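Heads up, the next two complexes both have chain A, just with different partners, chain B and then chain C.
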Partner chain A sequence: MKKFAYYDTGHEFPEEIVMAAGFTPYKILGDVNAPNDPADRYIHHYICPFSRSCLTEGMAKSHEWVGIAFCHGCDTTNNQYDIWKRHVKTDFLYWINTPAKNDATAMTYHEHELRRFIAHLETHFKVTVTDDKLKAAIQTSNRIKRLMRELSALRATKDISNTSYHDLTRKCVQMEKNEVIAELEAARERWRNQPPFPPDRIPVLLTGSDITYGAVMEILEAARLRAVRDDLSLGERYFAETIDETIDPVKALVAYHTRIPQPPTRIPFERRLEFLKKCLWETPVSGVVYQILKFCEPHGLDLPFMTGELKKTGKKVIVIEREYTPTMDQQLVSRLESFREIL
Partner chain B sequence: MIKLTRFIWNNPGLFAKGVKGYLNQPVTPRLAQIILQYLNQTKLTVLQPWKRFGVFSAGFPTEIPAAMGYFPGYPEAYAALTGTAGCTVPPIEHAESLGYGRDLCSYMKTSIGACRMGWPEDFGGNRVADAYFSANLVCDTHLKWFEGEARLHGKPHFALDVPNLVAGESDERLEEYVDYVEAQFYDMIAFLEKETGKPFNEKKFFEIVNDSAEICRLFRELFEYRKRFPANAYFEWVRMFMLPMVSQWNQKDAIRYYSKELKKAQKRYKDQTSIEGGREKYRVLWEGITLWYNADLYQKVLAERGAYVVCEPYTYSFAGRSKPKGSLKETLRQMARDQIIVPFTLNLDRRIAYFNSLVEAFDLDGVILHANQSCRPSSTGLFDLQEALQKKWGIPVLMMNTDHCDPRAYAEGPMTTRIDGFVELMEAYVRRKGEGGPPSPENMKIKGGV
Partner chain C sequence: MITVGIDIGSITTKIAMMENKKLVYTDLSLSGYDMTAAWKTIYEKMLQKTGRNETAVDAIVSTGYGRANVKIATRQITEISCHAAGARHFFPDVKAVIDIGGQDSKCIKMDDRGDVVDFVMNDKCAAGTGRFLEVMARALHVEIGDFAVMSKKAKKPVTISSMCTVFAESEVISMIATGESRENIIAGIHDSIASRMVSMMNRTGIEKPVVMTGGVSKNSGMRSAIEKRFGVKLGVPDEAQVCGAIGAAILASR
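Showing the complex of A and B:
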């Protein structure tokens, strides 16, 4: 199946629409191992390195994708659509202006945006996206979300490394969906038979900028911290909720996106905070790791309020800023180890 | 007043520095009076409980809340003035100590730091508002910043979600966005009715819209005189002169003031393109927010080299308000259009076309692009803009990496060296233009960074 790429700083993109159109959705996640030089010709160095990596990937790999869609996300990505339009070769570049709010007006508008996207896909690719196809795609998505919830829950009781979990979350948004289901089912068998949660590891809640490469998870592992809950887009934001299979599928997608753990690009703050508090209440964790990618503005803006509120729960919170690099940052490991000591 | 007295008592050195900074601005006594009146009125709202104090992000359609009695407070304006006073570093550092990162908006950090330290409006702070209003028409920072302040003080916040009209979008698409923004305007009216317990005052609304359109018309007309030789005004003046338009406070007085200024310009130029003094040696466009802390960059460093900023989309962006239409619905729809298409936030395709028109209309010799380290929206797309301008015109373009409100980001020595290089390129460009020969794009690049 051909790949349809999307650029999304949260979990805004309606993968199910692309699946119903007969494509495999592929989330652009950049490549931390590749230098950002191609993108640096168009974007200043003080702008989010992850976004520059995504542009670099877009410039190099767009020929592998039938089209690309953007969702309204952070300021960084919103303003980069125009740069992609100039420098990334594709026959189909589409902008979905997902709303920043979740109220009734925003939901009506969001529905319009999704129906418009469907209409453009149908015209451009000469396909039909019927309600039945959408419902089937939603069922597939829900299956993945349920499997991921099962797998994710095992993190708190079994010896599941941070990286193993991260690898699966990546596959969910980049691989063909039936293959994902097979992978997840196989992982479920493996994970169920893993030894119990190791006594030398400390369970934490992981939040902050989206983690798009394994090295960050390895840093946590090196500090003997285990992320047993999170609200990341490559993580629980993607699977915490299921999509209603009983109502109009487009309306179901709109409603779904208001229920998921909110990214910092949406307001109000409370929705994100509620989910994090729910995690703390549901799962015994010893502390919260709030990590921010350098130059990640939305998380930088959320940080003072969110950390203040999280500290009010009585949990210890550590804030770390990380570079966009595949190498193990020993300083971060040491800081996290010290944090571990006080937990 | 109490806050100001306390500020002076606690920070005598900073206060003296601030006064010096303020005095270094090229403002006339009349403009100084307007600015002071605005600041004082902001403070006086504490003593006028029957008035509601609203805090707004720049460019927000204040006409709607103003019709319901909200006084327009602008933290960015207070931060900008603090920038002119040269006093932003302590509040910025204070905000950073609270967890706001170095790369986040320096307006926001100035405001948050100054508020937390209890500084008065003249030095970046502001009193707690009755309600907070913000829109993401330029940036997400506005939404998050004001939401955060509202949460902190337990006050209501109204967020206006303005879609991005990205490159290549059609007029039909614009109207879809207008539908969404219009629907939110009705939500805002409902929000205001709930907050005030009063029905929406349509009559007052139309009067305010009419006045704000008139203020903008006068400003735009005055802006036209900057195309003449010499330009009627330069950036260091216009950035202060725009305050009555930006604040939309005491609209009648703003209309009187701008009308007088327009008359002066009409008298000065009559219908001549060039008057005594003639064309500036170098006519420059500035893209992005001004360096509030550095009036001397314009009035000394550039001016001493014969370069003057005669055009900047930044100030013009505040002058886009239209006249009321026949009905509330149509007026709101027009306001929505005015929110979506603003020179400061044009998509890259429109931005390049707009700049090309400015190069001709203002007879420019150079362009300075402010790559603003704490403002993503105004920094993104600058390389493409630079390339497009150089390709079409061969015009020298200086990419200035610094910050609008944080002087720590301004490296004076290297910057002056680059300005010297820029001026040399303008000299060659002007010479070639005079000879009628084509400018050479390769020679117009300024190499290296600061």
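Showing the complex of A and C:
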């Protein structure tokens, strides 16, 4: 199946619409191992390095994709639409203006935006996106989300490395969906037979900038911390909720996006906090790791409020700022080890 | 019981020996490229000077950036816990520790029992660290040891607005070009680090008494800039630069 790429800093993109159009949704996640210099010609290097890496990937790989869609996401990414239009070769570049609010007006607007996206796909690719096809796609999506929920829950009771979990979350947004289901079912069998949660590991809640490469997870592992809960887009934000299969599918997608763990780009930030507090209440964790990618604006803006509120719960919180690099940052390992010592 | 603490920092390696909870020896040297050679040299020197045999040492704790290099260590503990324990050795009531090291700076909050309850470290950049002072000293052609005296002669400290070491350096160079006095610039540099430390400390909440450890605590100009901003008098241990190693030696006995 041909790939349709999307550029989305949170979990806003309606993968199910693209699936119903007959394509495999592919989330652009950049490549931390590749130098960013192609993108650096067009974006200042003080701008989020992850977003520059995505442009680098877009410039190198767009020929593999039938089209690309943007979601509103963060200010860094949505402002890059013009840059992509100029420098990324594609026959179909589209921007879905996903709203930042969750009120009734925003929902009506969101529905309109999704229907407009469907109409453009239908015209450009000469396909029809029927309600039945959408419902089938939603069922597939929900199956993945349920499997991921089962797998995610095992993190707190079994010996599941941070990287193994991260690898699966990446596959969910980049692989063909039936292959994803097969992968997740196989992982479920393996994970169920894993030894119990190791006594020398400390369970934590992981939040902050989206983690798009394994080295960050390895840093946690080196500090003997295990992320057993999170609110990341490559993580629980993607599967914490399922999509209503009984109502109009477009309306169901809109409603779904108001219920998911909110990213920092949405307002008010209390909604994001609610989910994090729910995680702390549901799962015994020893502390919270709040990691932020250097130059990540939305998280930089959320950080003082969120950390202050999380500390009020009585949990210890560490804030670490990371570079966009595949190398294992020993300074960060050391800081996390200090954190483990006080837990 | 004889215990040893070895603190391998990015710039200096420190060592301390405690005998029955009494500090009997401290020393420091440059870490250099070969951190293993650095700690071995001062470790052997310590054994020689104290007339001890290696077998007399009951436990060794290594700490600091290069702690994994000390293969003979009984345990490795991070510098946060060690600095807290070291500061408490000199000031038993301490509730907060400020440490400005070579490549990082930290604020540590402690409870009544001396346990670390929270800490904040600088972001991933050299601003507000010992390295920042070194870069500025180079730009000003001043020995870092003269910073304290010179800053006290400042008539009107400048404001350094850039938090990035590289940009701050060019800001300082522009000030030199416009004829600003070195005294005013140095006082401004101290102020800019102090303000950074205050904002870090505010993230954990300031509790008194506050103790300052690390090599930068020897700079009285830096100390007064922090005291002015905090509105608190800082306690400075006699062996401030070796505090992490002393803390490691204390924790080795537990």
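One rule holds for everything that comes next: the second predicted complex is superposed on the first by the 343 of 343 C-alpha atoms of A that agree within 3 Å, B and C clash if a C-alpha of one lies under 4 Å from a C-alpha of the other, contacts with A are read in each partner's own complex, and residues count from 1 in each chain.
Keep in mind that, in the parts below, contacts are C-beta pairs under 8 Å (C-beta built on N, C-alpha and C of every residue); 3 or more make two chains touch, one makes a residue touch a chain.
Remember, it's a predicted structure, so these values are computed and weren't measured experimentally.
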Chain B versus chain C as contact partner of A:Cys74, first or second or both or neither: first
Partner chain in contact with A:Val319 - chain B first, chain C second, else both or neither: both
Per-residue contact with chain A, leading partner among chain C and chain B: B
Which of chain B and chain C A:Glu337 touches, first, second, both or neither: second
Which of chain B and chain C A:His44 touches, first, second, both or neither: first
Overlap of chain C and chain B interfaces on chain A (superposed complexes): 294, 307, 319, 321
Touch list for chain A against partner chain B, complex: 41-44, 46-47, 70, 72, 74-76, 78-83, 85-86, 95, 97, 99-101, 103, 105-106, 108-109, 112, 116, 264-265, 267-269, 292, 294-295, 297-298, 300-305, 307, 319, 321
Complex contacts: residues of chain A adjacent to chain C: 294, 307, 316, 319, 321-323, 330-331, 334-335, 337-338, 341-342
Chain A-facing residues of chain C, complex: 65, 77-81, 103-104, 115-121, 123-124, 203
Parts of chain B lying in touch with chain A, wherever the complex brings them together: 98-101, 103-104, 136, 139-141, 143-145, 147-148, 151-152, 157, 159, 161, 163-164, 166-169, 176-177, 179-180, 183-184, 187, 347-349, 371, 373, 376-377, 379-384, 401
